[in-house]
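Okay, so subunit A shows up in both of these, paired with subunit B first and subunit C after.
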Partner chain A sequence: MTATDTILSPQQLSAADPARRQRRTAWMLTAPALALMVLILLAPVAIAAVLSFTNYSLGNFGFDWVGVENYDKLLTRSTYAKMFTATFTYVLTVTPISVGLGLGAALLINSLTRLRDLYKTIYFLPVMATLIAMSIAWEFMLHPTIGVVNQTLAKGCGTWVETLWPWLAMHCAEGMPLWLGNRRYAIWVVCFVGIWQGFGFNMVLYLAGLTSVHRELYHAAEIDGARSGWERFRLVTWPALGPTTVFVVTISSIRSFQVFDTIEAFYPIGAGPGKSAYVMMFAIFEKGVEQNLIGIGSAITMMFLGFVLMITLIQRWLVERKVHYG
Partner chain B sequence: MTREWWKHLVLILGALIVIAPFYTMVSYSFKSPGEIDRGEGGFFGRQELMVDEKCVKLRDPNRDDIAAASARFPGMDDNAIRKALASEAEADCSMRPAVYNYSQAFTQAPLLRYLANGVIVTLSIFALQVVVALPAAYALAKLRFWGREAVFGLVLFCLLIPVHAVALPLYIGLAKLGLTNTYAALVVPWTISVFGIFLMRQFFLTVPDDLIDAGRMDGMSEFAIVWRIMLPTAIPALLAFAIFSVVAHWNDYFWPRIVVTGNRDLFTPPLGLREFKGGADGSMFGPMMASATVIVTPLIVAFLLAQRRFIEGITLSGMK
Partner chain C sequence: MAGLILRQIAKTFGETRVLRGISLDIADGEFVSLVGPSGCGKSTLLRIIAGLEAQSSGEVLIGGEDVTGVRASDRNLSMVFQSYALYPHLTVGENIAVPLRMRQLTAAQRLPVIGSLMPGARARGREIAGAVSEAARTLDIDGLLERKPGQLSGGQRQRVALGRALVREPAAFLLDEPLSNLDAKLRVHTRAEIAELHRQLRATFVYVTHDQVEAMTMSDRIAVMMGGEILQCAAPGVVYDDPEDLRVAEFIGSPKINLLPADVGDGGRLSVMGHPLDLAVPSGARGVRIGLRPEALVVADAGAPLVGRVVHFENLGSDLFAQVAVPGLEDRVVLRASPRMRSSLRLDATVALSFDPAAALVFDGAGKRLRDLRRPAANRHREAVL
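Entry: the complex of A and B
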């Protein structure tokens, strides 16, 4: 239809009707999704934002506005200082290590001629498995007396291993560590389980990324004098995997912010010795649901949302800068 | 191969650590409490007959039992009959540790009910996600209407919102409506999958318009087109999405933990496992690992049978 054509031909008139009908059906088809998006995603975020400025509790009829008091508590009280420490320790440990191990495993597996699928399958198993069940299995392995970890370590006592490894010698003398009950180790054990669970996911994404690296690039790099494997990796593989890395880092860090199952399995109350594993999801659950302090729970929720949006925005920015040379 | 040996060495060491907790879980599910305690018996344990103390205690003979049994043991005094009955009970109550652990897993807690709940919840979530997402995805991909860009923009915006961020306000809403501790509470929040809409829209963009026009020529309504033309073409994408959705919700712990409190009839498998753990003393480690094995096994077996599809499905969000 041209703009100058003001008089519609009969043919176009009959076409206008189906167009209107199509518009109506289109809205009917999207209406349920739209309604649910508003009800389940947008409205709750808005509600959490509002409630984070109140002292609301379930069962009360009204609430008082408390201004930024909840946020002020988050930033000043020592409990929440512990929360941020635990959360950032977890995110900043699990993200780089699970991405690094994922990349390492992918590179090793990709360079093999045999058994590639076997390793891939094994490394992907933890991604599939119910995390809370596996956390309990890890708890058994780390059990101070009957756990495999300490039993294995104890075998090193009195042998040459002890002389090479002062840490082991110390524990041979003083008794093996209470991995989960020890304030020094607790958060690192939680991190370890997070890495164990997540790196296979990153590996699979990296393997997919590696298939798209052009062979010619390696030849070109060799002609340019990149002889060692490290040079080839630095000049060809790593830049070509840029987009994969941005994505993998984003998704790993967002997932790390959401850690909950492991901590609830290990520490049903209190989030670890001295609250050393008091991550944000646990705090939302404990404050908002168990203690019915919805104002503070909402404030933590908004903080969490803020962190996740920040990561996503950084990702978008990096993608737009095109971290893509391959 | 000769130059690859060190790579295999590294990967095998890694594989051992990855498999270790699975090994422990399954191995404990076979062993007797004593073997678990002393860390012996290899993978399967020795499977020596063990006596279930609780079962023996339940059958502890009282006066009536002894009187009733006196006909079977003629010429014995009460004490001898008591002893005979006790040893009978002991014989009836002894079993292999593996049998003991798995039967305890199913009888100590209604594990079958938990598994059924898991199936009901994950399947309802997936079905509702498809019912909501598919028509919307079709409209966004194939129909021209005013506001389409805005709706799609909203979908992209909602993709940014992590579900964990809406958990607390949704919980408040459900509590206000008196809907906590219902199946609805477990299912409703997941009925909208913006990711599903996004994914199916991208897929539908690749479906040729001719297919849809042919349907319209045949006088099909747009609804009929969605379910009778688009749905069948979308099966491969839907399968990947199904795996993504089912794995996530079978394993989900955070949300059920929030909305289901105390009502065992609604427990999903992860919640059941947690309750088991809360009440377990040393003698229940075997049964607990047996229930963990039962809960983890379905997805692992499905994964081993259809690895490519599972990897595709779970890393779906990475394949944009």
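Entry: the complex of A and C
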């Protein structure tokens, strides 16, 4: 308290009102964080949103407003139809399979008494490795002639395997598939690498989730008559993993939307045969960076953000409404 | 409802012998407490009865049938866990219904959404709902059926766990320290309720606790366990008044029993602190100690066997416990007196204590009770203990 505090005019009194003073301090303390958030996160999004309605190119001094033309292109042109097909194929394949495999691996590892750490390390290795380097390794393995995959498959030709597996018999006759060069297989190969790379991460998250399941609940379930492992899973494990599952699914789907490096490594130009692996991230990179079409690139970015936002909102809703924490 | 028989149950974990051949007959409808300090194997024994743990040797008979090798879900027992183990994602009603759903509905009828469309599912569902609301009424939790366990207090959760146990008619109820997570007041209240519930259901109860007060107040019989053995199994009054073993005498009773070293003189006559007693043991007994409950001691005139200084006292309102330091004794002697004595039992006051030799419990050097006393001790029967 200073001497001036003792004599206050009515205005000063109201300024000294504790609630107002607290509010002002609160704003002052929040200001730096707020400024950074606006500058780094909100402003670029806002700029991208504005640019998505223009034909701006980097280096140009001006731009023209083109209205919703960019969005119109996205929804009408066949290239972008392919983009959406590839993106959703990837997300809808990789997310459920990598979540399922992650859960399965976590349950199996959790039931082990020995070698837990070994399995954890093995499954987690692809997560730690650089995807672009791993993609190159897969490229070698999937090479049509010298790749280990086709050489292994070729070993089955002329044996009983061929009679049991018509697909193999067909390829023994016509030649082994060009995994990366064939329009039918390309996106699935990319999905496979994505699952291979991603499920170890989900497994680690599920393992963490499993440690929080109360052991006595399994005993209670047994006493209550849950005989099979499946019943105990339904009654105890799965509900207890609810929060983990929501998180894992959200993270996996956002990561799937963001897939880029596999495709960039496999197909630096063109995003696969017949643009069959032309996912959104690659499209943003191709349009916005390589071809300097900032307008259309921004439009794709906005769509991309829309999808991610949707997933996040669904997650929020699930967490608040359906999932039990406790 | 059925009785339980345990025959020579042993359990080892690696090198550690947790249970050393336990035999116990529990009659149909009896309430038996397994009481002992932590680590005595009482919970392990309960889990072996439940089938959650396999015994290393010995057999468990439920209703006369050997259930060794029968899994827990097929033993038709109910259990209340220390942590209550309620399913957190299910409402109270759903929690209570789980044992019935698991047993009475087929796998198809239990499926979400389409399960209720299966033939017979509706009728069964109504039966189950009826049983759940009846169990809830018994426990006075019918207002909570729609809540989740996370929204309940400890006492309410405990009731839900009880409700889940009694919604069906099991062969026996197993309770694993069900009151240990409740506050003191609620514990006393629930204690009485469980005892009443037992009388009402006339079911077999096996109750594990480390709290001797719980065991004393609720049970038909108490099995005092220590070091993987049952030291004594008898009615609460007998365990208190007539313990077989020094360890039982020490464990049961609060405050703890007073132990005084006794010398064996000519003809086996015992003396305490140089005062000969009107008691004699068979000659050859060594390391004899006599146990005196706090209420067996009375304030007497000078010349009594024990003379000491009051160093601490606890006034419980109805009772007054005074700790008396007697020169020559390692432990303080605890005396129970009526509150009227408060004026004479001031701190630092010197008191002389005597006792009726008939109330003394005599133990030999190995801690076994010596009953072959020359002046046979008439057992005092007490109605209310503690």
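Simple rule for what comes next: the second predicted complex is superposed on the first by the 287 of 326 C-alpha atoms of A that agree within 3 Å, B and C clash if a C-alpha of one lies under 4 Å from a C-alpha of the other, contacts with A are read in each partner's own complex, and residues count from 1 in each chain.
Everything that follows uses one rule, which is that a contact is a pair of C-beta atoms (placed from the backbone, for glycine too) under 8 Å apart; a residue touches a chain by one contact, two chains touch by 3 or more.
These numbers come from a predicted model, not from an experiment.
After superposition on subunit A, the partners subunit B and subunit C are seen to fit next to each other with no clash. In the superposed pair of complexes, A:L75 makes contact with neither subunit B nor subunit C.
With both complexes superposed, B is the one of subunit B and subunit C in contact with more subunit A residues.
In the superposition on chain A, A:V236 makes contact with subunit C only, not with subunit B.
In the superposition on chain A, A:G225 makes contact with subunit C only, while subunit B stays out of contact range.
By the touch criterion defined above, A:H214 lies against subunit C but remains apart from subunit B after alignment on the C-alpha atoms of chain A. Superposition on chain A leaves subunit B and subunit C with their closest Cα atoms 17 Å from each other.
Interface residues of subunit C facing subunit A in the complex, by the touch rule stated above, are 47, 50-52, 71-74, 77-79, 81-83, 85-90, 98-99, 102-103, 148-150, 164.
Contact residues on subunit A toward subunit C in their complex (touch as defined above): 214, 216-217, 219-227, 231, 235-236, 239-240, 242, 324, 326.
Put simply, subunit B touches subunit A in their complex at residues 1, 4, 7-8, 10-11, 14-15, 17-22, 24-25, 28, 36-39, 131-133, 135-136, 138-140, 143-148, 151, 154-155, 158, 160-162, 164-173, 175-176, 188-189, 191-192, 194, 197, 221-223, 226, 247, 250-251, 253-254, 257-258, 269-270, 273-274, 277-278, 285, 288-289, 292, 295-296, 299-300, 303-304, 307, 310-311, 314-315, 317-319.
Put simply, subunit A touches subunit B in their complex at residues 19, 22-23, 25-27, 29-30, 32-34, 36-37, 40-45, 47-48, 51, 58, 101, 105, 108-109, 111-115, 117, 119-134, 136-138, 140-141, 146, 148, 151, 196, 200-201, 204-205, 208, 247-248, 251, 254, 258, 260-261, 264-265, 268, 281, 284-285, 288-289, 294, 297-298, 301, 304-305, 308-309, 312.
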